[in-house]
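Okay, so chain A shows up in both of these, paired with chain B first and chain C after.
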Partner chain A sequence: MILKKLNLSNKNVVGYLFLLPLILGVLTFSLYPIIEAFRISLYHHNGVRGVWAGLSNYDFILHDSTFWRALRNTFMMGIMGLGIGLPLSFIVASLVNSIVRPGMSMLFKAIYFLPNVTSTIAASIVFMLLFYPTEKGIANSLLNVFGLEPLGWLSDPRYAQISVILMDTWHGLGYSVLIWLAGLQSISRDLYEAAEVDGAKKLQQWLYITIPSMKPVIFFMVVMGTINAFKRFGEVFVIGGPDGNPGGSLFTLMLYVYRYGFYTFDFGKAAAASYIIFIIILVFTLLNFTAFKNKD
Partner chain B sequence: MTISQPYKAWVCIAICSIMLVLTACGSNGGEKGTSGSNPNASGSEKELSGVVKIAVLGFPLDDGINPATGREAKGIKALFEPFLADHPKLSIDYIEVPQDDRKAKWQALLLSNSVDILFLDAAIDFYNQGFLMPLDDYLAKDNWKANFMESLWTDNERLTSGADGKVMGMPSGIATSTVVYDKQIFEDYGVEPLSEKPTADEILEKAKKLTGINPKTGQQTYGMTYNPKGSSHLNLDIFSDGQGVEYGTIDWGNFGNSQLNFNTPAIKKSLQTMIDMDPYLPPGYEIGRGSENWGKESNNVAICLWCNNMDEVLKNNLSDRYVMTKGIRDKNDKTTWGTARVMSMAKDSSNPTASWEVLKYLTGPEGQKFMYDNYKELPSWKNADWVKKEDNPYADQLLAVVQDTKNQLFPPIMFSTIRPWMADIISRAIHGQKYDIDSELAQIQEKVDKWVEEQKAINAQKSGG
Partner chain C sequence: MSQISTGTQARLQVQSKRRSDLFLRSFIILVLTAGSVLIIVPFVVMLSISLDQDAVFEFPFPFRIIPEHISLDNFKTAIANTNMMRLYLNTFMVAVGVISISTFSALLAGYALSKLKVAGGKIVLLLVLATLMIPGEATLIPLFMLFKKLNMINTYWAFYLPAISYVFGTFLAKQFMDSLPGELREAAIIDGANEFRCFTRIYLALSMPIVATLVILSFLGVWNSFLFPLIMLNDPAKYTIQLGIALLKSRTSSGEAPPGMNMAATVMSIVPVLLVYLFFQKYIIQSVAHTGIKE
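Let's look at the complex of A and B:
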């Protein structure tokens, strides 16, 4: 009777039963924390107990110059990360894709993916040595060869953001290359053969066949890159601590949330900041959707 | 003179009673100089039963390798084996508290009445919520308080409530930091070593002299280093012309009643000092770089402010070269900070008598010796005869810093807002970027005022609800 009302057959019920553990998992570990975080954001909350605060946590954050600074830093690093990482990984993926011998192609995939298997913490520590601020650092030794003065790569607020982006690009390149490659390999060979018959050169094929065919992958990479840029935490925490040193240049939105959540246990403000970040990410994702839709 | 038969019996009873009383009041002579009670009598005669639940933070429950020393170390369960053997009717339940979510976990345990003893990092928050047992009556009953260093009880965040003066928790291993210097670099430059109790001015003056090219080795050396991520707030205290930092008063029972003023000429001057001392600090110190060789033969930093971990020095057998001072002193001969790990008892403990005995054992000589033997924690117990110079040549100095501490504490907003801003402005200043101490201090003070107002509102709602 109930099944009829819900327009379900026995077969459907079995299917839903199989889905039940997953649905329960999503409800418990995703949906419930999302709703609970919103509730907490309306309280002065220490993680377990709270006093009603209304929208005052949101008001505090939106009037807090530190939050806007964190947003600016996050945004700048995001733009730099996407601006360098996406084109570079796409070029590398295209070059790997053009390798005819499968063994060599696999070798390069493995080489580029290797940094990705190291943890962010380990990579950050290694780069702190690589970018050591005196002539003893490897990067500065290279500059010295060209007669240039040593740079405070990670210790000077002027260069810290770009240095972190360089590290991040190295670290994430392999993953991006694999995604691009999956897209590149799904483009029909017929298109390239037809273009060759029509006399198109390699660069023209890349510009007029490869790039337009990769639009869904580009969209995916931009959206994921944007989301990840707003979630930047591990490397800036290891390098600059909770203050985002040097000079607060590495102070990102996630550090802002972390500082309120785990330094002063003001979970209300941390949750409110998380919701504001969620809205910002949502806006950027919708903008990306609109931009790509218009191009279609 | 003869005593009649009925009187004989009464005289015997009287003599026996007097002897019994004298025996009970007498000392075993094992605790010379301690005005507290005999620690070995900690509940061993009492019949304890039931369950005591302990929330453990920062220590393993089971035996394993101590990552700091690389040596085998016993877990907390092993500590209680002799205690439980003395009290066969008692059992202990252990609850492991994760470092990241510790506060939420403690709060949940206390709310749900699921814990008796807690390893805490500060007691004030839970005490103010009425979750922790004031321990004064227990301490008085067993004459126990005097067994610990007196200075520790000045810590209003961990041990003694500033609001009602009651004891919120018991001290365990000490936590402090001080000034350490590399004697070799001083000798190379021909500079007089730091005094045993140096002033901030002496440190700054010598750090300046020790920055440059080492005349003996030809290597670049730096006068000093410190970690701004964790200790720049302490510099506010030492760079205050020996007066200690003054920013008003904290009401630890209700932050909303605090009178805080960080926009003062003295604090501005301290900040300027931190900016001005940049040339004596190694490049990259803001992100914890520049002192990688500290504790090694190849060290090139002369003085380390707020040092406490001497593992590298001891590992390299360089304790003759690296000298620890007894802390920077203010005009009253007081050091800035020295406290202890804190352990508290839940107010609604279902087994308070046994919990108190467990807490005494944990923070008493048995517990503190165990922590010293296994984790090299220096004790807050006054007559800790188990501390050996061979184990830790710096023990005397660290204990002296704690003994003479005034415990300069800061409100929570220091760590969420003020210290990050300090690190920020100092970093901008030393890298030639725009900064304005006056206007930025005024902005920080606005945030502090807003925070106090917010705390006032929270407390009003709490007491209203």
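Let's look at the complex of A and C:
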């Protein structure tokens, strides 16, 4: 009854009632924990009790060689992922974009996006089998066809990172292709027609019109790729366990957080490490925002 | 004379251009088809080994796409060893709860922001969108401690409660509602309907395309999520599907599950998302294309 009266008199009250779950959820499950994460990072905390630690958790982490190795692994895999994924998805998107028949381009989009709806966990399990480290493995059988020696792939510390990246490229390619395509379709047709009149070849058009027009998309993809690289967890956990084996080559920052949080129950250090990841991600996100603003 | 020759020349040019265009197009289709094969191969291998009776204990060698002895034995062992039906049921329970709560919250909020135009709505939207910058990875530790305090570890409340805010969905819902006419609400209010009724009877009914998108996106999110359930659930009876198949590996002594069973379990874990993709790929692909700014 009261509600009804309010309905008639004040739509702001009803409006905020409708917004209540959203606001409550954001405050409780996003804003509060990010502040709380910082507070916990200042304690030696075992999940139940905490003792004031000041910045010593951060001090420990920044002097921990394991942390630096995790950072290096994370960073290297991020670079490799972008280095392979960006050009490859751009080429695929350009090719799909040049297809005239909408049915056929839709079919290719659907196929390339297919791995994306499956989980990284499922992908990891299948690729552990494809990359089976003996001559029995399917990838190694393929190498054998070309007269190459079998590789250790995911079980060789030298190749584990690149193998994971190959898998992630397979898994994420379709997503990037769709983003590129959205960008490609926003380029004005007039530009190409003008170039055609001037006698520019298709390849020249691609080099001098398409690629320069893609600058904002490239920036967006680099930033998103970097952010996602810092979140890398599921596949390295399934393939390498909590230690990111073989030889710790797959030990990423999120595994560092996970190990301190849920193996040694040192929540202070885990929170501090996750806060460092948060700050890195935040910097990249803000970079993205400013770039979008400049574009307008 | 010269006119004719330039005409023929032009025609010849057009012809050769057409021919080279045709060549280029076929080449492009060929390259994309080869790429598609590479994309499909892991699925084919997975399915092949899951159906291969000789893969029960070890890896079939040399690999063949069509197994010599096709059987469903691997699926039977997988169902028995992973408690697959339990995993399905658990994940569906999480999915149904999370999807209904998050979709409803997003639509309610989207309606308030779009059609009720509450005072300060723009600022609220902006602030809420800003929290997208907070990655779930950074809030895991405090959330774990919070749910532990609330005795909600190993319960699905740890999934349902955070679902009450679905920021990205709210953004999509608001945008969709913006495209619906506001006059419908005014007319209904004059006829004596209250706001909630306007929302459910009129705008919700008109919002089915965006409802579908939100439901599909959250389904994929819940079904594929791993880190959050890994933290919140440690009782195998409560595991969701990704935990079930991921930890299958570590449960065996050698750290390697038999390939046939492993692949069968993986096949079963992706069948639901593949079905969703098969029927609703248009929604999924559109939502990605429109929302590159996601996250």
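Brief remarks on what is shown
Just so it is clear, the second predicted complex is superposed on the first by the 254 of 296 C-alpha atoms of A that agree within 3 Å, B and C clash if a C-alpha of one lies under 4 Å from a C-alpha of the other, contacts with A are read in each partner's own complex, and residues count from 1 in each chain.
Just so we're on the same page, a contact is a pair of C-beta atoms (placed from the backbone, for glycine too) under 8 Å apart; a residue touches a chain by one contact, two chains touch by 3 or more.
Keep in mind that what you see is a predicted model, and the values were worked out from it rather than measured.
Of the two partner chains placed by the overlay, chain B and chain C both lie in contact with A:Y132.
Of the two partner chains placed by superposition, only chain C is touched by A:V14; chain B is not. After overlaying the two complexes on the shared chain, residue contacts for A:V96 are found with chain C alone; chain B is out of touch. In the superposition on chain A, A:G78 makes contact with neither chain B nor chain C.
When the two complexes are overlaid on their common chain A, residue A:L114 makes contact with chain C while staying clear of chain B. By the touch criterion defined above, A:D243 lies against chain B but remains apart from chain C after alignment on the C-alpha atoms of chain A.
More residues of chain A lie in contact with C than with the other chain of the pair chain B and chain C.
In the superposition on chain A, A:M224 makes contact with chain C only, not with chain B.
Judged by the touch definition given at the top, the superposed model places A:F262 against both chain B and chain C.
Under the contact criterion defined above, the residues of chain A that touch both chain B in one complex and chain C in the other are 47, 132, 241, 262, 267. Interface residues of chain B facing chain A in the complex, by the touch rule stated above, are 100-101, 103-104, 107-108, 111, 125, 129, 228-229, 283-290, 412-413, 415-417, 419-421, 423-424, 427-428, 431, 433, 443, 447, 450, 454, 458, 461-462, 465. Interface residues of chain C, counted against chain A in their complex, comprise 24-25, 28-29, 31-32, 35-36, 38-43, 45-46, 49, 59, 61-63, 105-106, 108-109, 111-113, 116-119, 121, 124, 128, 131, 133-135, 137-146, 148, 161-167, 170, 194-196, 199, 220, 223-224, 226-227, 230-231, 242, 245-246, 249-250, 259, 262-263, 266, 269-270, 273-274, 276-277, 281, 284-285, 288-290, 292-293, 295.
For chain A in complex with chain C, the residues that touch the partner chain are 3-4, 7-8, 11-12, 14-16, 18-19, 21-26, 28-34, 36-37, 40, 47, 92, 95-96, 98-100, 104, 108-115, 117-127, 129-130, 132, 136-138, 141, 170, 173-175, 178-179, 181-182, 202, 217, 220, 224, 227, 231, 233-234, 237-238, 241, 254, 257, 261-262, 267, 270-271, 274-275, 277-278, 281-282, 285-286, 292.
Interface residues of chain A, counted against chain B in their complex, comprise 44, 46-49, 51-52, 56, 60, 64-66, 128, 132-134, 152, 154-158, 239-248, 251, 259-260, 262-267.
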